[in-house]
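Order of writing sets the labels: A, B, C and D. Residues in every chain begin at 1.
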């Protein structure tokens, strides 16, 4: 509902645990922030490969009856983000198919930049696609590979693929983790006891099930886990790393460690640097909950200005809050966020948030704070201006909708009606990440895309392109 | 619930009506006796091709909201029989897929005898199958055809297929009907007004929507209907016809005309001939409802013995009647059928049914009638002994379960505990069909299979074979 | 869907069986023809009294999980007819309430003619009603009784009640059956083994569970069954019996015995007498299925004219067949009934049905038969003209909608467009019932109401009256 | 899931708005923290009074279709807390009944201490209860009142009632708010525009719909709002006020003002005083989210010790998180709360929470923090030890389960395994509330109950008592 960029997916794979599906359920539950549209689990006991997926939150999709039927010691799971309109069950993951060598299931976080081209080639050769997901080209490439060894068919397929992918795959007997050579999205390896391996998007999933973090799947690495343990392959040409900076700014959970660092710690550091770059003389600092909390704490600690809870967030949202009616739209942002008038009345405040996308919900929040009596509002954003869409697995609007891509800082300030507005500088962001700048992808800020993006994809997201072409709907 | 052979499917296609989905809904409703497991409709307005299918009865699967969304003037629909265990939504039809030339939807009644062989070949070339249905090989063959003209790709695909098929297909702009050269299953053409064409399994579907019967799709014929009207193709080598005799004996609706004759009329004729072949000195005749009613009337009219309603059938069955509990099994056949003690008490009766498969439910009905006071029971069956499974689209048990394939007539009589037992002779059946004997398939009676059947299919039905191989389940 | 008078309810009570709820489920299943709107069961193990009821068919409302939870050896169950509009779950039965002496549950077949008057009195004294059912006044009268012995409180309550009732009641430890002194609706007693008692509407419910018919609950009798067996009470002043003739004509199942006679046998006798009263020179006789079948058989046997199945009924109706759309209305009666053209073409026929209410669906059926080629149609009705609404538990339209109450026989014939039309005479009906005429209620034919009916009830059915007054709806 | 005392209900009433149901929906949504079991709305357009209620969260219970049907300008709504086991739909509120003078609906927050006694009296007089709620005695008392004027029947009823109640009632034409003379639970009056009146539990409900706070319904006051405006009645003898202190400590939303003060402000003050009473030498302070956040901020600001987010709460909970399985129990508190190892490792910390009930979940959280590397943990509780159950509308365990009622402070410290433990003193609490001590109820801390409680209620909560007596369950 709030105007935010969104991660498209979270993945979880496990090998070697008798309760594989149940642990996957828990893992997906802790990755729910990476996708609320659909959830799915595929499990294997080396004989049967069983799948269950539905639209909805993890805790709503699965119940004890279903988990009981998902017997096996190998599993992969997936949560997917809800983009409006094109969210069909057939696009839910993991995608499980049969081909000449048996079953294969894939769960994807990322985006293939050459998916449409690959699909057209495959269809011309006679392949029939089931979905409009870029992910599906992987299984067709595997099924069409002329290689005979399992790992070579996988490598053969991924060598044709460009873009961002942090994926888990499985067949009846193996768990596979694979990450593109740039390393856009996080993917880590954990262990539970002696014999259970986990591959997942964030370490918070390891924490929940009591597993220990071992290491990240490296950029350009494929790991295959079977009953003989983990095997590592590095079949792809090396690339300059391009970790997603926005995973730290907004997407990942504060308690996760990704790309080798803790998210909450980095997020507070963003606030500290912002406090130095853009101070203001105010009575106190409030965050936009929950996205601005960590940075606001950093800002408060650096500046010595008190941190207050000036906005209360209603967490009882239920599956669907009724929107379409006119009256509801007027109620707007208050449904989720309510200002504390007693705190705000007559006060000068700094408001901290992580980013501004279109600016629409930000404007509403600011208006709400003034209505609640705030005298002066200084807005501080803990990332640089978002000026470019992402094509590597983040759901962003088109460039023409990104406010910072279209108007100047002062005009944004006027539009939002704040007394002052400051973004974190790109250098400040790099400082906070405390890494050589070449390790990260900052394309959404500076427009330097590490992997080329086809022209038509720049206009539309991939799925829209595919669906337009396909002329088919399932109700 | 009753121990009967079952038709596997009913199909309906329509071209040129603004309410195509609604008429298909009605058509499927009238074909419900051909399949109660799932129902589906695909519709096209020449731009979008939309599909909806669910497990359940036609009237339960569709509602006004869904029908409203199924906009278009071309549609195909399908009802499928409920075989226990392997009934998944993914096996529901019509099957709608996208391939290099757009969308194609298929609805099938019949059985491909070489489906497994074709599937293995296609998978080896890299094709990925979505279901365990034999029907799916059709769309892969079409997608892999090297031909360029639409009708040639269809013909190219079907030339590779052996077995029984009465199918309707559609793409975004065309409706296609196709029937195998043997003509196992019925398929007829109807018209509504000047411009609306219908292709469907039985004429009762034409009656319900007020359409006029034009002619049958001939064995070995393909018809393509588009905005320029109907085009007929006869691309297959001629074969001796092999119409299914059991469609007259049990499957089709009495008000339908199939293979050029009315079902009720033939069914009564079976009873008349049976009366001549196997008379008995009784007080009256009762049918097993509803399967024995028409033949019992014929028997009564020929013999002059009164027809009575000695068994009442409960038609309020609901979606699921609870079975598993021990107590329920004892109640058994009485849930559906209740004898009228007042009528039966102390009476000598002829009981007429259409066929005996395993003999289990028949035995229960006979026992129930004796318990209700019948003094003598003479069982008359309006078809020859069922001794062989069908591989052309009928769901029959394996041969070892067919009572007439395993024990002699006198032993069946003893097992059923009737005072006398007689089946219609094969010659009697042929006489009733009043056609040269070569026109029909009598394989279930005489074991002469018009199309060769692979060895493994003789053991298992095709779907079981495929599923065993596939090692995959969807909950 | 068809234009028929409808019974409003069926009841079933059982005492002394460990599987009381399951047997009640079966009993209700066999009484489904007496009500398809809602189904409910209340069960007691002498400690807990548990209830479950829902809108829907018996087999859809209950499942194994629910039956497992309905533990106890005493149960009552109820099925209710679907009247449009006012069918809320709160009006489903059995009605289970708590009062000063514990729990009491009631299941009713019939109609209290003074319900509104009693309700007004009770509300004035401070009672709060939960539903708009006449049945609810019973429990309030019991709760307000000054008597102390259980049976006396029941008698005290029913002494205030006028009209038709065949009811089963239970508290935590007793099963009660009670029938009004006129005996309008049937109610019988059965036994299963030595210790299990059943009280139910029709004997077909006894048959299904394998119980033996003992005797009817007599008009004006109350029986109380507890662990010491059955006790009979006859507390009410004697009245001239007024058994419902329509139970024989249409409502009850043919395999049931009611009021001491078999329904199928009587129904055939109606046909035989009708054949003598109103013969016609035709090729054959067809029934309107299923309502006219038994009488048509009687007509055929008496006249020697052959019986044919000229109309096929589609029994796969599902929960809801979509109606509102214009196109569907044109399809009309064909959705349920399809004529067999081969049989009808060029033929002179007698069509037999049990009754005509508004005449609307009858007219459609006749039209459909002419369209299918019938040359001459002679309509024969196996009951006298329906001229008056019933106020004793049958759902009939108001008098102004009853065609025979408003126009003459010849005008009905013209309206229906048949070549001849004849009803059974009232004397013929009495002859068929083979009882002194005073034993039956013929009010729907002759307007002689055995129990006075308040003026406002003559206009509206009771529930409408109550609901109008109550000004309350539950969605 | 967490071991907390819970408020039992939230209420909302509105008069004079064409979209009354929709505004009530929003109001209930903002009161969701006061009850997550069931939600209901009753609405009147002065002709029809319509009700809808279901188990579930507000946003899940209602949808656009339902809201559209709830037409009217007067409405009351209710949310109810989920107590395990006895949560049946029949106990959902508002309770809507019909009595001799029409419809009346009631929505209750509180607890009648003499409900069982009143119910027994009413049942003896013949009243039949529909539910096991104490609330239902109100409507029976009203229906049984001998008074004739509407307001007098209400007053007559409430004069018989003892205990805590902040209620909204409505009939077809009036909205009523009533609060017991002690004023245990909050209840406030708001206005939207000129003609729309609102009566609700907390001011956050006024904020969401954009209404203005007018004043509280005073202890012992009844207000009746109709088309002529608001009328105030004060019919009850004056009592010493007994506002619930726990509303400030935990129940109410931080952005609400209750009993004349802002909740967040008081809650921070509790932390400040606690910081003075029980300091500790640590690296930083963390709250248990969300219950300890406000007090922890106050503690941090008073002590100058930094505030950190050491525990992350997962807010994506869905309708049901699967619990029963053994493995899930081990996962335990981590499902909701995850520690941030990077922050905690090797650190001395103060953990702030609002209260300790049984101590079970508190112990798990502490253990989790030590496992995440915390070196020293000093637990600070922002309220005095909870030693006595509440009988005035809060769901508390029995006294034997309250850890502080059974063991000494030092033993609690040892049980929880913390380095130090301190509760806020009762005087500290009183200081924070900055009011004469007599204005508040501190019974849960000091055992001084303002209203006498019957012996049996001290053992069981009222509902359990009633249900035990009633011997009835509805599935």
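As a working rule, a residue touches a chain if its C-beta (ideal position, glycine included) is under 8 Å from a C-beta of that chain, and two chains touch if they have at least 3 such contacts.
Just so we're clear, the structure is a prediction, and the values are computed from it rather than from any experiment.
*Asks:* Identify the chains in contact with subunit A as well as subunit B, in label order.
*Replies:* Chains in contact with subunit A as well as subunit B: not a single one.
*Asks:* So which chains count as neighbours of both subunit C and subunit D?
*Replies:* none
*Asks:* Shared numbers divided by all numbers used: is that above or below half for subunit B and subunit C, i.e. same or different?
*Replies:* same
*Asks:* Could you tell me the distance, in whole angstrom, between the mean C-alpha positions of subunit B and subunit D?
*Replies:* 62
*Asks:* CA centre of subunit A versus CA centre of subunit D: separation in Å?
*Replies:* Taking the average C-alpha coordinate of subunit A and of subunit D, the gap between them is 37 Å.
*Asks:* Multi-chain contacts only, two chains or more: what residues does subunit C have there?
*Replies:* Within subunit C, no residue touches at least two other chains.
*Asks:* Based on the touch definition given at the start, go ahead and assign the chain network to line, ring, star, complete or other.
*Replies:* Shape of the chain contacts: a ring, since each chain touches exactly two and the loop closes.
*Asks:* All pairs of touching chains, please: list them by chain label.
*Replies:* By the stated definition, chains touch in these pairs: A-B, A-D, B-C, C-D.
*Asks:* Using the touch rule from the top, collect the residues of subunit D that touch subunit C in their complex.
*Replies:* 47-52, 66, 69-70, 96-100, 102-103, 120, 123-130, 139-140, 143-144, 172, 470-475
*Asks:* Please name which positions on subunit C make contact with subunit B in the complex.
*Replies:* 19, 22, 25-26, 29-30, 32-33, 36, 56-60, 62-64, 67, 204, 207-210, 253-255, 257, 262, 264-265, 290, 293-294, 297, 301, 306-309, 312, 314-322, 324-325, 327-328, 330-331, 334-335, 338-343
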